[in-house]
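In the two complexes that follow, chain A is the common piece, with chain B as its partner first and chain C second.
And now, the complex of A and B:
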């Protein structure tokens, strides 16, 4: 099974959560390696995706130099949570502001660990 | 008609391979494996009894042979000796793409079904301006008549792709593949992206690849694409939506279903809703 398929299997369950709009695995240069977005006409995710691509390198720098376990950004009624996966990858979750992400945190951290073990060669 | 690239895992992402008598541009910075890609492309053709032409600006015949041998492709030596693979080093300061010597060399090894490689095209077009677009167009036109061509193009380390020396070949090429190497040594360190593939379906996304002794470039992701393919029953959707679809549109939608790309069903529903 290819790496992309393994990653998609690991991340698929998060994107089916009703409170989550988008799950993205970004590479350090801003390239999205995996994207799963919900079709919701009320939510304009494209702008956010552009913003994310431009910020990834900077955010990863802060995450690693300050040893952060995650970084969060709020945009109107949305929240962007970023979890470091490896030195080149970061997992971003874009969710409704009121979504209780703490319930997902353990699963997300576990997924990040699994992806990390797959990508570090 | 398709031409196998010789790169493991890539043909399925290109809908069966490169289209015959087209020009493919491989864009990538130093160390991404562009030269290995071109050698794999040539080797595949030579294995099948086709002829190959290799134009280089930094390697002579010995250099090409050494690169091939380092990957374990010893049969290259025989192909060169049998003159089925013609290799020539040109010096960029003495040649342009309109040069007779260059064109004569390519023509001497081509029979309309040959595989042609120019590695790299960048020295030929480094001083290119937008006014010279027609010249490159003419050159590509000639190449198409001689065989299936792969040219490599240096991606500036600055990442600036706005220069005419980059944009013109990308615009005029039939297929553009971008190779990236971010240099951190993880699984997504090297990735391939299909920017365009005229006249054909192609997979979208970023696909990791590795360079392995003996086989060269191996691209991952075919199974991921297969899993994402959608099986869509167009007749059932039309029935459910109760729409009358003109025959020419029906043919187009049917073709779309046969391709089975991700998002097909949603796209069809959007189109049918517009008919209501």
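And now, the complex of A and C:
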């Protein structure tokens, strides 16, 4: 099984969540290598994706230099969460702000750990 | 003994079912024990998973419950479905009972279990949330009886609370943790460890929690998975050892919990009538800014949606008259006058403490139970308090730093803080009756399956 297929298997369950608009795995330079998004008239996902691409570089800087463990942005009725997977990958989710994140956080951390074990030899 | 854990963290029920089915096809042994664990995202589809397992393993001893999450070798999941499949070397059997009256149900179950087992896993609903009609009757009874309670003298108040307690018991609304363990401990001869899975979802829905036993729905009832063979049970709480007197225990507790305040509680059976002379919910609202009492309509709507919160950082702590052990009840702003309690209150002093929950010692404290395990263990199954999800968040992953030092083959579930009955003497703070241990948060129970 290819690496990308295995990664998409691990991230697929999050996109089934009705509270999540988008799941993205970014490369170190901000370029997304996996995107799963839902159609929603209220959310301009391409604009958001472009904005995220810019943020990733900043987040990675703090991950490398300050041991940042996660970053969170909230605007309008959405929340953007970023989790470092490895020194070269960051996982982002965009969710409705009323989505309870306390349990989701554990599942996302599990996914990050599993992806990390795939990419770090 | 062979063990396999089959799981899917898919939310999409069709994908989840397909993944579980595929994984079951590749199983290379026939289990004689099946434990089905459904989560918030899948419990309403229990029939499909129950049928799947029944077709595949019709002769296995089976128990199924709803959990908040499960712990695999290096990950924690709160979605999907998980099944623990075991080919256990010794004798194993599931007993269950469903009927009118919580106490009668547990007594009948205890008689069925009988003596001679080496470990019992006992699943019961600490509190059961019934359908609309039964709920309406409960609200009505609460209003009528509390009206009488407010006008009564002390003796009459006790009598009214006793009557209301008996109503809760008859309606199967509460299976009190200490009474349930006490009855089964007595029927099993006081020499069998009993691990309680006292079910209380973090977010309750109508007709929950439910229990499956040998592929049948037995709620609101109870079920027991009984093992005979080389098997051990361990327990830990978040406190140091208890004191030798009421005063000593209170002093220790005050150094461990946050915002502690002495209170006097009017209580009987399964009911708290007053705290410092006030209605329990009024007392809570006075102490905690930002809390608002739910209306009956809000309560019913949240229950319908499966979003009725059952967890709270605020509680009333009690000291046992029998052991000077300590336990607590979480206080919630529900639209009720009498505050029901998930343990029998008659064994405790009326003087207690109000507190804000606080863990000392962090995540490592939560899994210190592993420190006692034996070297020749084959598999460990553990139950961690689900409120640790709120207390630690992603920090909960630090449990692996401890567990990996003591075990290579383990599986855990996140559930309401588990109780235990153990015949071995110990001096835990949360031993509230001889052998019976329970606290509202931070308990961990570990079951150790030994090599044959």
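Assorted remarks:
Everything that follows uses one rule, which is that the second predicted complex is superposed on the first by the 119 of 121 C-alpha atoms of A that agree within 3 Å, B and C clash if a C-alpha of one lies under 4 Å from a C-alpha of the other, contacts with A are read in each partner's own complex, and residues count from 1 in each chain.
As a convention for this text, a residue touches a chain if its C-beta (ideal position, glycine included) is under 8 Å from a C-beta of that chain, and two chains touch if they have at least 3 such contacts.
Please read these numbers as outputs of a predicted model, since none were measured by experiment.
Placing chain B and chain C on a common chain A by superposition gives a fit, with no clash between them.
When both complexes are overlaid on chain A, the residue A:102 reaches chain C alone and has no touch with chain B.
Contacts of A:33 after superposition on the shared chain: chain B is touched, whereas chain C is not. Of the two partner chains, chain B is the only one that A:3 touches; chain C does not reach it. After the superposition on chain A, the angle chain B-chain A-chain C between C-alpha centres rounds to 140°, nearest 10.
Within the superposed three-chain model, A:118 lies in touch with chain B and out of touch with chain C [touch as defined at top].
Applying the stated contact rule after C-alpha superposition, one finds that A:86 touches chain B and leaves chain C untouched. Taken over all C-alpha pairs, chain B and chain C come no nearer than 14 Å in the superposed arrangement. Taken together, the two complexes place no residue of chain A in contact with both chain B and chain C.
Within the complex formed with chain A, the chain B residues making contact are 180, 182, 184-189, 191, 205-208, 220-224, 227, 266. Residues 12-13, 16-17, 69-70, 102-107, 109-110, 113-114, 117 of chain A touch chain C in their complex.
Chain C makes touch with chain A in their complex at residues 9-12, 15, 40, 68-69, 74-80, 389-390, 393-394, 396-397.
Of all the residues in chain A, the ones that touch chain B in their complex are 1-5, 8, 27-29, 31-33, 39, 86-89, 118-121.
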